[in-house]
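Both complexes shown next keep subunit A, but they swap its partner, so subunit B is in the first and subunit C is in the second.
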Partner chain A sequence: MNRVVLADLGYVVPELILLGMALVLILFARRIRESQAAAIGTVAAAVAAALAAMSGSSAEAQSAFAGMIVVDGYSRFFTVLIAAALALATLLSTQDSDHEAVPRGEYHSLLLLAAVGMMIAVSTPDLLTLYLGLELMTVCSYILVGITRKRQASIEGAIKYFLVASFASAILLYGISLTYGITGATDFTAIASALSEHSLGSNPLLVVAIVLVVCGLAFKVAAVPFHAWAPDAYQGASAPVAAFLAAASKAAGLAALGRVVLAAFGSQAMVLSVILWGLAALSLLAGSIVSMAQTDMKRLLAYSSIAHAGYALLGLLAGTPEGISATMTYAFLYVFMTLGAFGVVVALGERGETLDGYQGLAAQRPAIAGVFLVFLLSLSGFPPTAGFMAKFTVILSAVRTGHVLLAVLAVVCSVISAFVYMRVAVAMFMKEPQQPAPARFPMAVSAALAIAVVVTLMGGVLPGLLLPWAVSP
Partner chain B sequence: MSEYIGLLVISFLSAGIVGLMIFLGSTLGKKDSTPVKLSPFEAGMDPFSLPKGRLAVKFYLTAILFILFDVELVFLYPWAVVYRTLGVLGLVEMGVFLGILMVGFIYAWDNGALEWK
Partner chain C sequence: MTAYPVLTVTTFLPLVGAVLVLLAGSGGRAKGIALATAAATLAVSTPLYRHFDKSSGNLQFVESHPWIPSWNISYGMGIDGISLVFIFLSALLTILCVSVSWTAVRTRTREFYASLLVAETAMIGLFAASNLFLFFIFWELIVIPLFLLIGIWGGERRVYATVKFLIFTLAGSVLMLVGMIALYNICGTLDFRALVAARDSIRPSHQFWLFLAFLAAFAVKVPMFPVHTWLPDAHTEAPTAGSVILAGILLKMGAYGFLRISIPVFPDALQIFLTPLLTVSAIAIVYGAYVTLLQKDIKRLIAYSSVSHMGFVTLGIFTLDPTGVEGAILQMINHGIVTSALFLCVGMIYERTHTREIKDYGGVAKAAPVYSSLLALFCLAALGFPGLNSFVGEFLIVSSAFRIAPWLGAMAVWGVALGTTYVVWLFYRVVMGKLNPGLEKLRLELNTREIATLAPLAILAVTLGLNPDLVLSYLRGPVAYLLTGVMP
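For the complex of A and B:
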């Protein structure tokens, strides 16, 4: 048996940094309720965690804690991505409208703990530890959605999110228990070898197990038909929380799904492709079409994130290392453009919440209207933004593996969603201002927007930069 | 199967003792029933009531704090049994675990969860 040794802690340094900062913030929560000290500490911890994740440079996969944690290129990629999303969401949190008086210490420690959960979820080769990481993430998310408890919508969103996500957790757990019942293992490699050695592929129960596990994880990435919680939760949450959920928790869910699909159930390509095909097609269609009817900006972005889940699933559907790599690229670029789009909503304050608030923005604040236009173009997939490269790689991987119909559907949905995003752009640039110019916002929000814009443009102009990092497990 | 015989014996024994007690109580005991005596007893609460009443939130806080220490004990007992085989690492791990729990306790204390007002 592999003994757990103290040196194993060296493999979870990013998680430990975030956890340590979260504990410090909880200890001093009452004393830093009003100040920005918590935000500064959180950004510092996120940067330190990203650097720690990047410095572990050895290419080989190393396993720690008796095979419960694996550190490889895949886990490092997503750990850095989650740390970046945490830092940007924290910067956005410095803008707070006064009715959303949130205790800072608790808020930031919850963000940190949610990020720890995501990092565990992306760097584990074991179903039970995966469940643990995802639960840590979602339990913190429920509280974050409901933390602005003066607003009815916040409580409503949190309750709906809680009910649906607990149901999803139960589904995932049921799938895990069936998988264990069939293969006698929770470790991904052990599951894969049990499936290939004992020719369990024909076991009808295995299909049920795979469906349940994949559907449980599909809740986390908000893929249709498991998306119902997302619009309400994003609308109810304050915009920085919605940004963090839409970006980071989706990336973590995709990472977990990718590892499970490739490492554990890789031999069951038939079953997987049917499930993922359905999820991707429904997400693309529902996300793009329903977003046309939205008048609330956060709901619009929620449906957009549902459609983007569909695009990201195209890469997993391929099931090849190239496909996984395409999904990783997609997740990376998606995180920055989504955080950027939500960042504009944050920056505009009350006015940014509804679609009408964007009328005539370009005349009043040309800079922020221009920045928003970059994110909108990227979300709809126009070159030369990151969104184009991201969509191009996943659609290409779908075509290469013979899913031409789905690729066509993805392109069509991309056109539909372009209409939705351009509607906002038209309101910004071609309408007369109806409301007074938005108030100034903190430097930190500008910094976050600047970083997101730079990555969004870089990802489109120099797509090759990301490729060496996006390696499948 | 032989290792389960003990289990069987203990279930018969406990069923027998409970049956004996109920039998003795119902035949030898005094019977002056009042409505209060006949009502089911559960720690002073009415066991059958609709969940419509309001409850002070401080009971909830106390229950959460109880869980904090309860979970701690659940992990401390098995740890104490295998303490010698775990060695220094086990001590460090338990220290980390208790430390994190204590942070939660200090947070609750600091924010006045222990004051019954």
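For the complex of A and C:
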């Protein structure tokens, strides 16, 4: 038994790399005075993890740890994505960290551990391991949100996040236990076969179980009505943490949801499509409409990320491999544009926090205003940016499965969102500067922004490079 | 045939120029690069006119490369005669836009010229695209530079105007996005010619909804009554170059879309919508003309006259009569020439007087005879004076309209009469009479650069008036193709 486990470690190399770096940072936490050292280590670990995930390139799905971990194209795709998000978020963390008096060692090891949790969540075919992975991610996230202790909003955001998310975890766990009670399994394949063999379709408890599991996961992707934590948590957290939460934890949640929807509950298309339809429609509507009223930039981006959860769910709604691929593409491109948008907030420091701070930015710092315009256009879904291709693929998937009404709702909401994003563009380009030009920011932040811009433009011009990788489990 | 892929180079050369402009050290150098790029773009497009085969009904200068294999979408370019004339107009007008902005734009010069060049890429690309996906990308792309052009360098209410413009066009185009995706789902292709070939596989009930989705986008861009309200604000507040691009090219995109998609691909739905569309066209002609009569602001007056003129264009298109459609396309070119020229004229005098109110003018003829003569020429062209370009287009449209339904012809003639009234009245108030005391101290006469800017349009107005076949000969083949199986 022990030998089997040792050999299985080869399948979790990316997770082990991040875990190792997290432990090293914790061990040396007190010695780390220079914030750079911890950041460099984290980025190096993230890059190594991404490379390790990409190198294991056999097409066959391989399972390890007695079926608790599966390594397939799907898990590799999201592992690379999470590692990339981790690297970019770490680069963004180099700005503005010293006067916040955040312990660097702990901060970066928490980021690493959260990423480990996400990677486990995206590469497990078992409900319990999925729960563990998501919990590891969420517990680290609570602390990361509250780690800037000197700011009142940070603590408040962390507590709200903790209360709402622990409630969500309970819902998820309850759903898992009901599923186990009905099917006698936590393994996705076993659940699926139990559901198809015995005609359990009419079992009302099963409906409850599916609703609870899906809703528990909907908390992680911040879909309405399970979104209430996101605006407060993002606003309270420091901008790099908000970026990491908005990008990576949403991607992980979508990945987990995708696998559950397709592999475990695939036979219950009726129930799933009703729940996901509702979640998507509400997220689109509430996310775009409420974002109109925001004056805080991180809150605005939080509501925008809620609306984007709605778009991403359009792919899952189809319940087909093509639909899952569409959501994967969406998640990938969304991660980079969101990290980029938050990256601009990070780069501008204090001034980036409120909408008013953007007035006249183009006259003072044309380059960063231009970069932000690219991200805003991408978030609005304008060609030739990645946002358009992402929108195209999920709407195509919705139309293919006959959800034309939802597709129309989605694009109407995108007009509302575009109005919100363009308000920022108006402030940047068409208003006079009210505040002195923002201070310079570290090279690492520029590098993160550059990577995000390149991916956002490449994703819009040459989406063909990405699409073959987005294969459903 | 040619040493380089003409359409791709013509389309993306301005984009390269835009990058160079942004990298230019100073505003002065940026202007130079912009002018050179615009001129070079026209130069590299010359093989299109020299080697174009008017007798062939096929797409020419075709380029096709796989682009997004998993969606079966290719990068496809190729033009017919209709595209060709618009590409020429786009390339020409961009040069004039750079020239007219030479001294008028003093702030953030690099961004201005970069936006202008990005707009040129979008305009040319839109007309060169041979599939709907690429068409849609350029369709959306042009909104961004115009949003910036109006919002940054526009008049006093520029932010309101630009946001209104953005929201209107976006609301239309997202519905087209859904329509495009649904069309792709049904036909499995987005290539224009392949769509026409596959049109029989679209059920009439689907056609109905698809037609509506595309109508939303095209009607806003044209703009058709009653979704025209963004136009007066955008045209009025835009800087001169922005007004020229809006009037010259952007308004034509919607009508071009009708010709490329709505008419050939949805023939069944077209029959249902034909009467309402003809009716709103007629309303736009007459209503637009009456509202034009009321305007006190020169730019706003020209903007509203565009509503009326574009009513003629859509009327001509929806007669579905080859004569009417050819007349409509010719009229689009004419409107692009004449209205652009009028906006240029207004922009030039505004640069000196800083007022657009008609009552602040009067007697300009005495102070600026060359300017007044050119303005007179363009005014005559705008009202459809025989021997100048608009006359032929209007004549073809009106005669087709009479053939379809006499009342449509009557409305169109009514519109022509009103058009004469508002143009002559405008000319009278601005140019004739005693010189307005407020203008006495100003040097109103045009300089050489400005005369050179207007000259190409003046030459075109006269040439096309005397020899409309210069454009019409390009249109016969493609119009016959687009109307095959569609004519009532």
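Keep in mind that, in the parts below, the second predicted complex is superposed on the first by the 463 of 473 C-alpha atoms of A that agree within 3 Å, B and C clash if a C-alpha of one lies under 4 Å from a C-alpha of the other, contacts with A are read in each partner's own complex, and residues count from 1 in each chain.
Going forward, contacts are C-beta pairs under 8 Å (C-beta built on N, C-alpha and C of every residue); 3 or more make two chains touch, one makes a residue touch a chain.
Being a predicted model, the structure only gives us computed values, none of them experimental.
Colleague: Kindly classify A:Met443 by the partners it touches after superposition: subunit B alone (first), subunit C alone (second), both, or neither?
Modeller: neither
Colleague: Is A:Ser414 in contact with subunit B, with subunit C, with both, or with neither (first, second, both, neither)?
Modeller: Once the two structures are laid over each other on A, A:Ser414 reaches subunit C alone.
Colleague: Which chain makes contact with more of the residues of subunit A, subunit B or else subunit C?
Modeller: C
Colleague: May I ask you to decide whether A:Leu27 touches subunit B, subunit C, both, or neither, giving the answer as first, second, both or neither?
Modeller: In the superposed model, A:Leu27 contacts subunit B only, not subunit C.
Colleague: For A:Val399, select first, second, both or neither according to whether it touches subunit B, subunit C, the two together, or no partner.
Modeller: After superposition on chain A, A:Val399 lies in contact with subunit C alone.
Colleague: Using the touch definition from the top, say if A:Val5 reaches subunit B (first), subunit C (second), both or neither.
Modeller: Only subunit B is touched by A:Val5; subunit C is not.
Colleague: How about subunit C: which of its residues touch subunit A in the complex?
Modeller: 66-71, 108, 111, 136-137, 140-141, 143-144, 147-148, 151-152, 158-159, 162-163, 166-167, 170-171, 174-175, 177-178, 181-182, 184-185
Colleague: Provide the residue numbers of subunit B that touch subunit A in the complex, in ascending order.
Modeller: 89, 92, 100, 103-104, 106-107, 110-111
Colleague: Spell out the residues on subunit A that touch subunit B in their complex, using ranges where they run on.
Modeller: Interface residues on subunit A, with respect to subunit B: 4-6, 23, 26-27, 29-30.
Colleague: Hey, which residues of subunit A end up touching subunit C in the complex?
Modeller: Residues 362-363, 366, 377, 382-384, 388, 391-393, 395-396, 399-400, 404, 407-408, 411-412, 414-415, 418-419, 422-423, 425-426, 429-430, 463-464, 467-468.
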